[in-house]
Amino acid sequence: MTWRQDKTLWGLTIGLAALLLLNFVVPDWFRSILTLSLARGSVALGLLVLWRCGLISFGHALYFGVGAYTVGLMSRYLGITDAFLTIACGVVTAGLLAYGLGFLLRQYRGIFFALLNMAFSMILYGVLAKLEELGSTDGISLETTTYLWYAPLGAENKTALFVFAVILTWGVAVLVHLYLRSTLGNMTTAVRENEIRLGYLGYSGERAVHAKFVVSGLLGGFGGAIAALTIGHVDPDSMVYWPVSGDFVFIAILSGTGNVTAPFIGALIYELIRTYAFDKFPEIWQLIMGGTLLAIIMFLPNGLWSLVDRWRGRKAAVATLRTGKEEA
Amino acid sequence: MNAIPRTRFMALGAALAVLLAAGAASAQTVKVAVPTFLTGGGAPTYGTASKNGVELVVRAINEGSLPAPYNSVGLAGRKIDLVVYDESGGGTKQVTELRNKVQKEGVDVVVGYVSSGSCAAIARVVEELRVLTLLTVCGTPRIFEELVKEPKYLFRIINHSTAGNVGAAHYVVKKLRNEAKDGYMGINQNYAWGQDAWRDFNLGVQTLAPELKPANKQQFPKLFSGQYGTEISVLLRAKQKVVHSSFWGGDIEALIAQGKARGLFKRKTFVFTVGEITAHRIGKKFPPGQLARGPYGLYAEGIDTPLNKWFRSEYRKAYKQPPSSPAYHYADGIVAAKYAYDTAMKANGGKFPSTDQVIKALEHATYDILAAKVKMSLGKGHQAVTSDRWGYAEWDDAKGEIVVKDVVEFKAECVNPPEGVNAADWVKGGMKGAKCD
Amino acid sequence: MSAVLEVHDLEKSFGAVVAAHDINVVVEEGETIGVIGANGAGKTTFVNLVTGHLPPGGGTVEFMGRDILGLSVRAIARMGLCRSFQVPQVFLSETAFDNLMMAYGVAEEDGAGLLTPLVEEERATRVEAHLARYQISEYRDVIGSALPQGIRKLLDIAMATVRKPKLLMLDEPTSGISAEEKFAIMDILMQALREERTTVLFIEHDMEIVERYVDRVLAFYQGEIICDAPTAQAMRDQGVREYVLGRRHEAGAEARAAASGRSSSGEETLAVSDLDVSIGATQILRGVDLNVPSGSMCGLIGRNGAGKTTFMRAVMGALSIQRGAVRLGDVDLAATPAHRRAHLGIGFMPEDRRLVPELTAEENILLPVWATGAENTRARLQWIYGLMPEVEEFRHRGATSLSGGQQKFVAFARALMCGTRLLLLDEPGEGIAPIFAQRMVEILDDLKKEGASVLVAESNDVHIARLLDRTFVIERGSIVDDA
Amino acid sequence: MDFELLLIILVDGLVYGSYLFMVAVGLTVICGVQKLLNVTHGALYAFGAYLTATLLILYFQVDWPQFGAFAVMLFAALFLGVLFGVIIERGLLRHLYHEDEHIIVLATFAAFLVLEDVLLLIWGTDPYLAPEPLGLLGSTEIAGLPFDNYSLSMVLLSAVVAAVLWYGLNRTQFGKLLLAVIHDRELAQAMGINVNRIFLLTFMLGSFLGALGGAYQAPAISVQPGIGVEVIVLAFAVVVIGGMGSIPGALIGSVIVGVARAFAVHQEPALELFVIYLIMAAVLIVRPQGLFAPAKPRTI
């Protein structure tokens, strides 16, 4: 399949253009929601990579948090506010952490994998909440972001960040898409269904998982860094605590694993649902979120993307969460 | 192909957004947003009371039935359009919500925030969004010392937590020297508020009475853990008799229940820096002990300014219980807004003032709140100081409610650092420039 | 000719059970070697040890002159020692094409190459060619779980040969393939392998296959090689005849004598008419009519994937019925909840044993009794032990410590325990050594004498034909012949 | 470190451990039989606490025999167990059993979110206090420290619960039938076991135990929003440490965590926050399947 035939690449690029145009239309609050959706979407994309091979992490707030805190700490202690540099560091740190933990985690599957991730994220939460140097539960506020020589203020800064985030996210999504097309990235069903066979074909499932885990870690860090810049503040409760990981999984389910664009759409919808639930029913917004999630699981098991697939008259991609029963 | 649902969706989103932006900000009211805990662990202690307090005062202001000097209708003549929303969910959510409230719903004033976490998160955003914001509770002194050094739109209309804990130190040194001769220890929740509370209290005591020694290890149980059996054992074993605790909410109530069953409060003297709220709630079940609070809740009992009398009676009428301090804090927030708007209007020759004029009016101001006067003397005129009151709480069968005995009042200048001095450094540096008597 | 594989003094034991002892084998290039032996004799274990799936207890393994002991499966496979599986290990939710595509991707890429696109034109053509070589092109776009057993088997082997291995180990290439197909499939296979000049070692129960395709035989018994000789010679070997082939002919004779005409009364135990059953979207059974007269032994004969197992699962209520009637005596089974059916006296022996590992053999046998609360269980248990004394011997052993064949007997006994009115036996003779299969036939024979109503599913009826009062031949989900 | 302190640490550890066990055991049972992680467990705990607290407040207004309080707790737990068993298992999970395990966890997570707010709608945000039973049993002096017998009685309760469950699973016919179901649902059905009924019963049992945990805690804590969230992670950790669905595992896991925590609180309070997660990570590194891993059948 050549570049020109790749619908997803086209889709992503059109999406990029659309968002950049949208920048001039939308009000500020919506722009910041969009930017956040890009951040959360990236993490969900990371989950998608794992999910395709039947793995899911209930602790990806760990990488999200590491990405975010790297940015926060650089701003606080080194006075570095350059978006390019901080994001790069955030991504790398998260990636390294994922690489390290990967050696342990790659041995686990199913619910153990999910929960062990949660355990690690909770350890980070403990550390952050404990240490005043890391801002404790009050967290750390960032200095105003700069972009190389460009140092806009106020609303202009947010616009800059949005454009910046959109372009970066586009790049990331494209890379992930290419990865998923590669031999390594295609080891999804293989890992999910039959690692023994994969081993006898000449590649170990654990290595494949490790690679995927690092990819998802990098994405987590990227999302965290973007989020930190968008919010201008990092704190453990809204970035590392386990329900945050829950949100990411929520988004992943909502989106479905059909395509790399899905998580971003899912993230946006998630943000909107939350915003309005929060607005209109301040006392019971949780109930509404929960209800939505249930509804999705019950009636749209393969996520929103399955609608797109159905609408295209193509049967939902095989690489979905529900491996179902083997019927032979 | 893939793009189509996306672009289509965006278009929709944008349309929606524009529409909403248009719908917002209606002319003849002042839209006041009030964030407080409606769900989660903060709701019981803070959420309910603060919501009640705000709604009571807002109703009165819109009717113009508040006692003098606030007996005119509305803020600078415009009725208040009140939006109360949930503060739970951490900084990220609060920042997003604040944006929505201001940019989407065109809120003019924000009055509230309980947790230091939320305050720290939104502090800079407030300045970016240029929205007048009156913080009502959040403890941390870092707001004006680190986060927003040149505040314009951000105010806090209550002491920061340092004052309360320095007050506690003063009180211990003054009244509990004897109990504290074997030293003192702390049990505080393991998060910023609890950690700061202990640091300020401890340094305070060390400055005032170096001979009183702290235990070498303090307890910092997880926030909302609710299980204190082991901690209680530690406390019971310790030789120190005085225990400092900034516990609040379900945690303090659990600690009391579990402690009572093991005679903890017979052996130890507790200094609960925010125990007042709980004493209020659980009344008879509250163990006799030392409590802090400024001129709010229980401590406001005696104060009979017309405002305070009105508030206490109306509150009891409306909610069948006396107002606790969160009720006061939030109500005071609204009152402060009222003061600022009305004063600004006068200055503006009776015309409705611009936000800048309102800010001018509030900076460095001295004005009446329900049960006291506050001076906006710190943080370049954006951080309030009030006196801090301490006393011994116990159940009064005659009254059928809990009361505080031999109240000591510490002047605002005594428990607060002077302008321009970072609270932590001030306490560490031996609280220089404190004016006590 | 040089040695491809050299194994010396290989040892392995699981707890008390010795799975491999003092194994010495040298495989020369270009050989085709057959591994025979009863179930639990250690054949698969041998393959697992050599290919690095299990860590050996001791010994040396040299492949192409290099010591591969302790290397990972992955590394060994990359050196060119590949294997296929007894139960085909294909990616069930991917098409045959994608299965092979992944195999090629892994075989051809390494390191950074793994990050280049998997699907490219040239590779696709190679995959097509490979499908063609194994004559499964027509199944190109069928997903693994929907492939017929035989095809899945071929695909499994095809995937194993993608690397052009120096040595290929096949684990029972013909198990679960019907008699008519087996030679056809083996021919395809051996021809393809010859084209690739692969040295082959395969495990096989079917002696006809062994005699026809193999130059040299390794016979396993209780974890040891009891005979290593050219095929013809091995077949004459006393030990092999004793422990592997079993006294087939004599036993057969007895059975035939015993099977002398027993008539069955007219009334039906199981009456199935016009039965449709689907799994997921694909319809498996199409208008099946089948009656088991009480006291008779009927056969349900058909190749794998013909719908035998589906039929039984449907009768047991594991699958829901789209159309048609299923009656046991005068009870409408379709209207009876699945778990009630055992209460009615139906005993079911699944093809793949499925014992509860935590329980002992006897506890497994007693499960249905506990569930249904049936009466006079002691007597019935004794009767069963009477039928199968070997089961009584190991009745207190944990289910996990039993060999495949033994587990089969336990599953059989379990079915008998509550199968007072009807027995459904799914491939009792499948995948177990001739010697066990032989016993199974004898037991069935005794059972027949007891006058039980039985329905036996088999892929070929050579062993049991003489026992059957009636035979239903099922093909592609419908009964094509009823005799 | 003196012997007295060790003794105290042990007692504190056991008390906390038994608390952990009580909140985790229900989860363990469901996890073991139905192979699903039930997040609603947290809500069960909360409901148990709320209902008990409310009932106790009422109960202590009439002067019936004080010890009836314990009957009240038991009743509350039973009632909720049955109620939620039916609602959640019949209403929700039954439709999802064919799904991937993650899906089911998430479904229960969603249900949990909903239940949290239902809780809020029923009881509002006001906390409930019913500490009376805490005093009922008096207290005991151990190593010079007073311990309230109520907390100590929890150790006993846990021990009894553990013993009963273990016996029921491993020594009774019903237990062995459960094993069959655990191992192979379809076959169990073919052997005549009513799997649906067993699942419903298991879920009720699990829910009952969850609610019982909350009910028994109710007097010791202030019952208010958010208490459910806190126990979930704890319970998960215990289940993972002990090995999915292993009752002895949960018991020993709880005790280990409890004692370790007590030790930390007495000696190094700074560690308190991490103890449980450190142990969880450590155990999983050494024994990937948890302390008491269920037997695994061979694949090829």
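Chains here go by letter, A, B, C and D, matching the order in which they are written, and residues are numbered from 1 within each.
Basically, a contact is a pair of C-beta atoms (placed from the backbone, for glycine too) under 8 Å apart; a residue touches a chain by one contact, two chains touch by 3 or more.
Predicted model only: the values in this text are computed from it and were never measured.
Undergrad: Give me the fewest steps it takes to get from chain B to chain C if each step has to go to a chain it touches.
TA: 2
Undergrad: Counting C-beta pairs in contact, which chain pair has more, B-D or A-B?
TA: Ranking B-D and A-B by C-beta contacts puts A-B first.
Undergrad: Which one of the chains is farthest from chain D, going by Cα centres?
TA: So the chain farthest away from chain D turns out to be C.
Undergrad: State, to the nearest whole Å, the distance from the C-alpha centre of chain A to the C-alpha centre of chain B.
TA: The mean C-alpha positions of chain A and chain B differ by 36 Å.
Undergrad: Suppose each chain is reduced to the average of its Cα coordinates; what separation in Å results between chain A and chain D?
TA: Inter-chain centre distance comes to 33 Å.
Undergrad: Could you grab the centroid distance between chain C and chain D? Build each centroid from C-alpha atoms only and quote it in angstrom.
TA: The answer is 44 Å.
Undergrad: What are the residues of chain A that contact at least two other chains?
TA: 129-130, 196, 283, 286, 323-324
Undergrad: So which stretches of chain B touch two or more other chains?
TA: Each of 38-39, 190 in chain B touches at least two other chains.
Undergrad: Provide the list of chain D residues touching at least two other chains, using ranges where the numbers run on.
TA: Residues 117, 120, 270, 273, 300 of chain D each touch two or more of the other chains.
Undergrad: So which chains actually touch one another? I want all the pairs, not just one.
TA: A-B, A-C, A-D, B-D, C-D
Undergrad: Looking at the complex, which residues from chain D come into contact with chain A?
TA: It is residues 37, 92, 95-96, 98-103, 105-107, 109-114, 116-118, 120-121, 229, 233, 236-237, 240, 244, 270, 273-274, 277-278, 280-281, 284-285, 288-289, 299-300 of chain D that touch chain A.
Undergrad: So in the complex, which bits of chain B are touching chain D?
TA: So the residues of chain B touching chain D come out as 38-41, 43-45, 47-48, 190, 217-222, 224-227, 229-231, 233-234, 236-237, 249-251, 253-254, 257-258, 260-263, 281-282, 285.
Undergrad: Where on chain C is chain A touching in the complex?
TA: 51, 53, 72-74, 77-78, 82-83, 85, 89-94, 98, 102-103, 105-107, 109, 113-119, 143, 145, 159-160, 162-163, 279-280
Undergrad: Help me check something: in the complex, which residues belonging to chain D touch chain C?
TA: 173, 176-177, 179-180, 183-184, 186-195, 295, 297, 300
Undergrad: Which residues of chain B touch chain A once you look at their complex with the stated criterion?
TA: 1-7, 9-10, 13-14, 17-18, 20-21, 38-39, 84-86, 89-97, 99-100, 102-105, 116-117, 120-125, 128, 140, 142, 146-147, 190-193, 195, 223
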